[in-house]
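Okay, so chain A shows up in both of these, paired with chain B first and chain C after.
Right, the complex of A and B next:
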């Protein structure tokens, strides 16, 4: 395998990158860590004339807490930077834990949270937990920007609503008053494994009463998905083991996994049942968001 | 009867540890020769196709390309492990037989141009129907791979010892089970590479090889050269595990490209190409029947196997024989029947992988025996104890076993693991299983038909006596043979390990040795080294006796110091005497060689599985199964080995851990997968899941020793490197059964398979 020829542009700003993306068209792609794009180009599954790197763009790495907006994560923050961020560790430990279990240390050092989202792979680990937490994203061009809930971003495997000249610049987790959250990646070994099923839960409990809950699943549909049927089932109910099992069953009935080399449809569906129940339990008991 | 040793038996640091950790050690891929070109092989995109035309003209015109070759540019002599099954050409001539089959090669000034040139070679194919399943390949009317192998039968074996039918008819209980083992790949960390250089009619090949001699033999044969005009050098190496034992195609293509261009050519496989070249473990379909008496004594066994060989023989004829030959090593029974067909399929060829043919049949047998024990209401460990092989016995297939601590291994594993208590008290979801293994300490017969000794060695003491260099053809592929052989040399010479140097695995500067396979080097190369060391010792003491004017028999040399047994004040250093030797007599040199005694029976296939000595081991593992997901958490493994005298305890531990790592991977995760066109879908380390450090269980290793030393090995040494891979898969399967009451009949024992077995069990229980 050999990387084919391409033009490399190191953009100094979001504006420059956006302009380049616009002028070079669909044969150009943005890269940050490049962990997936470079692999596909080497394998010949992705042919591009130009790559525009934004790793030199300043101020897209910081992870801060803003009183009004909530936690703001720069798209260029690497998985390890997410994992080690004091702000996230205090506010959303579950996001740090998600980063900690992603890929392997080499990838975590170079892959970025923005890349993980923009790549729009159904098994990507950050997606379910950020969707469960109600994250929003900002897409920027040289002329302006727009925001949207993360869950509205995805269209299909590796497909999103991003426009050719748009750049994902930040992820915002607004304050929603959750009492607990958790993401479970079910992979086939303890490190360096893609999710066969990913389940994320954010919950607001009042004693044993479920005031609010958001559940998102990864790797079981063409995009990460919410399961409103389960959320409705749980909202306003006293939590019991039987109810959580029922939640798992409803989640399993409402997802659309496929057969692939990592697992059959049938297996994935049952794992959705198991891990929806278990992840709900963990989020309820977590003691942190 | 423990002898006192000064150098062996100690965990001295590895002789190459420092250069490896500092990055000074250069592997084949690191080497850069002046004017060197880069070469690569173009492979087939089809599983089975006629080659209609190959047009290399565009590739040849690309600036920077120095040569493009196809079958027309190389000898058309077929090669393989044995003359009856020479079935592989350097490049395909009429048709390709698997996705990855070798079609052409390019040499150019850099890697980038090579890849571009490969894309410019136009091959017209006519696709043919392909077959990917060994059972389908054996059916009438299946696509035929090789004209000379009717019915796609590559190897057919029927061995019958004693009278199995009679044994079964007289048995108290007879049971049959069927298991399936999967295709796995060795995944050495260092990719295959070779650099070929022609200089004045002599070909030198630097190669990442387990056997420079075997490469030298085949390269010379292919190109019609004298062996003396081919030099194969093995630089530092990052593992082989069987996959680098036979020529890889890189050496042949590289030699031809180097000859054509007159420049050195470096060839290599990337990770995907390594998977496609393969030569990993065969898939085996294993039906096994055992008859026992009332007490659980095995009286007859019938192993009826079919294996998927892939497109070529590779080393697979040996694998096929080994699959059955090694089953009777661990337990004593007289009646044994072994049937095997190795089928050709349009998949990458399979070869030798750690444990060569044995781990999967062992998995089948060990699972099967647990089921037999359950039928009898007997503890599975007890059943094994009752059948455990004893020392100084002969297997039904005529292997002579000298030392054998099978029973002690089981006893110790039972004790270490707390078997009895755990059997009774482990909570639901946790389970404990046992399995055993055994392996050859070197194959009794050479890798090709020849009467050459198995191993030879030369030791030259430096002129001033302050160091000595061991010259050996033995091959350190990372396992540490350079270290243990230097320990053995120093021990035999009365010298120190720290002052030993080594030149190894170079067919021109070192004496012949067949290399690193079949766990042979500690015993076989070691025997030659010991003899060479003793020859130095003898000459040294004779010189010392002249210098000291004392009786030769009164002198002893240990750790570089010669002293009198009767007068402690009479001493002289090794160095002083060695220097004087050189002054008076010239170089102080010792030499040794090793040829095993005639081994084995006379039936067809009798040589495969013979060995001067056999290792034995017992493994117990404890698993924790998630009953909802099928996840397998191996909590702890206890591995007890009878590997004879230990030269370096740390390296024994390392070998057990490494072998167990491979066993763990093959047991739970690893499998090479193909799409419906025969293309590998997980030819990378992301989706071909080797265990990570986090997946490794806690491992406790222990050794057992008999009262008598193994007579066949120098100082009583035996094998350890492959043995610990062998029991693991059966051991886990048995532990899973103990935990959950479900049996998975195929490898790997994946989470999903365990989940499915549990689901089926629940459904059956609900129906019942």
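Right, the complex of A and C next:
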């Protein structure tokens, strides 16, 4: 399959990559693993003059725990590195499990968490769980940086607020004291499939009382979305089977999926109902965050 | 990385790949894929091309010990890195244990997926010498066999487990 011509730049630092992005303009794009950009270029849905690779930038791969900030994930960590990170396995197993169910082993060794976010695909698996956990991201240029809650990053399918010369460098999951979290990817196969519906829940339980909850859905709107209606319904309530079923129904009523090759609007809404209920149950019962 | 412009104004890059223990220096274009350097420049045609979109796994090679789809890796990105292909498994004309097991278990039907399957299995058994059947199936989930001969492929890989040693 033909990959069209382009110029290649291997940036040695974030500053260099940012300057290149700025000077080369919108016909240049950043690649980390490149699995998404290259696929689009091969299929002819994306034409670019230059690719700027940041795979050789140092210090953007580590996953660490910082007492003040929380868990800090370098944007260049591959899906398999996220899956196998001892820090994440201890603090947020749900993020490791999310990585485990993405693509296949070969792609997980190349694709990066930063790329999964920056591509801003509505079905991307890392988005709902990181939004549920209240993650923040850092966008860096050669002259400075800004951070924002991940949920404010997305504008539409493959569209975000990132500026031409900005580079997503890290993802931070602040300590919010959740007692459990879970992401359920509902795909048509267990490997190599995109989510038909993705549901993520982070919850703080005190015995059977729901103190706090954050719910995010993937693949049912132009961007990943929170469902505040369900969060309000559950906050401060004793959890019962009837309440979880109601939560599923409210989630289904408040999302606006599209019909596509993977599922109809009605099917997706019904799956949101089912998997919101089940994912809530798993996060509530979880022995780990 | 050294880049030169040819007479037609096309940029070319000087890269060195370490493949199966040998180093090769080649001049490639930015859009040259690793799989094409392996097959067309180095004549290592054991690595197959299937979907060329990172779905089927026929082009699986080990990059720094990890299985990747060589159709989704730019040759320039593999510069200076260690690559193991199916040709690098046999030592002194003796097949690798996994290759033998594929023969013994009739795990090769048309053979097109075999190189990729074996490379995925090699990576799994190197990092986890005693995998469960579930772990084997997950490790080859990115390798499609359109003959659907998965049962014998899984059997072959399971027979290479450390715990199976001396069981014959």
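Observations, loosely collected:
FYI, the second predicted complex is superposed on the first by the 289 of 289 C-alpha atoms of A that agree within 3 Å, B and C clash if a C-alpha of one lies under 4 Å from a C-alpha of the other, contacts with A are read in each partner's own complex, and residues count from 1 in each chain.
Convention: a residue touches a chain if its C-beta (ideal position, glycine included) is under 8 Å from a C-beta of that chain, and two chains touch if they have at least 3 such contacts.
This structure is a prediction, so every number in the text was calculated from the model and none was measured.
Of the two partner chains placed around the shared chain by superposition, neither chain B nor chain C is touched by A:285. Once chain A of one complex is fitted onto chain A of the other, the partner contacts of A:271 are limited to chain B, with no touch recorded for chain C. Contacts of A:59 after superposition: neither chain B nor chain C is touched. Of the two partner chains placed by the overlay, only chain B lies in contact with A:188; chain C stays clear of it. When the two complexes are overlaid on their common chain A, residue A:261 makes contact with chain B while staying clear of chain C. In the overlay built on the shared chain, the residue A:232 is in contact with neither chain B nor chain C. By the touch criterion defined above, A:109 reaches chain C but does not reach chain B. In the superposition on chain A, A:80 contacts chain C only, with no contact to chain B.
Ranking chain B and chain C by residues of chain A touched puts C first. When both complexes are overlaid on chain A, the residue A:10 reaches chain C alone and has no touch with chain B. On chain A, the surface patch touched by chain B in one complex and by chain C in the other comprises residues 1, 104, 190-192. Considering their complex, residues 1, 10-11, 13, 29-31, 33, 52-55, 57, 60, 63, 66-69, 71-74, 76-77, 120, 123, 138-139, 141-142 of chain C touch chain A. Listing the residues of chain A that touch chain C in their complex gives 1, 3-8, 10, 34-35, 38-39, 42-43, 51, 53, 55, 80, 103-107, 109-110, 190-192. Contact residues on chain B toward chain A in their complex (touch as defined above): 111-112, 115, 270, 272, 628-629, 669, 673, 681-682, 685-687, 689, 691-695, 750-752, 755-756, 759. Note for the complex: chain A touches chain B at residues 1-2, 104, 186, 188-194, 261-264, 267, 270-271, 274.
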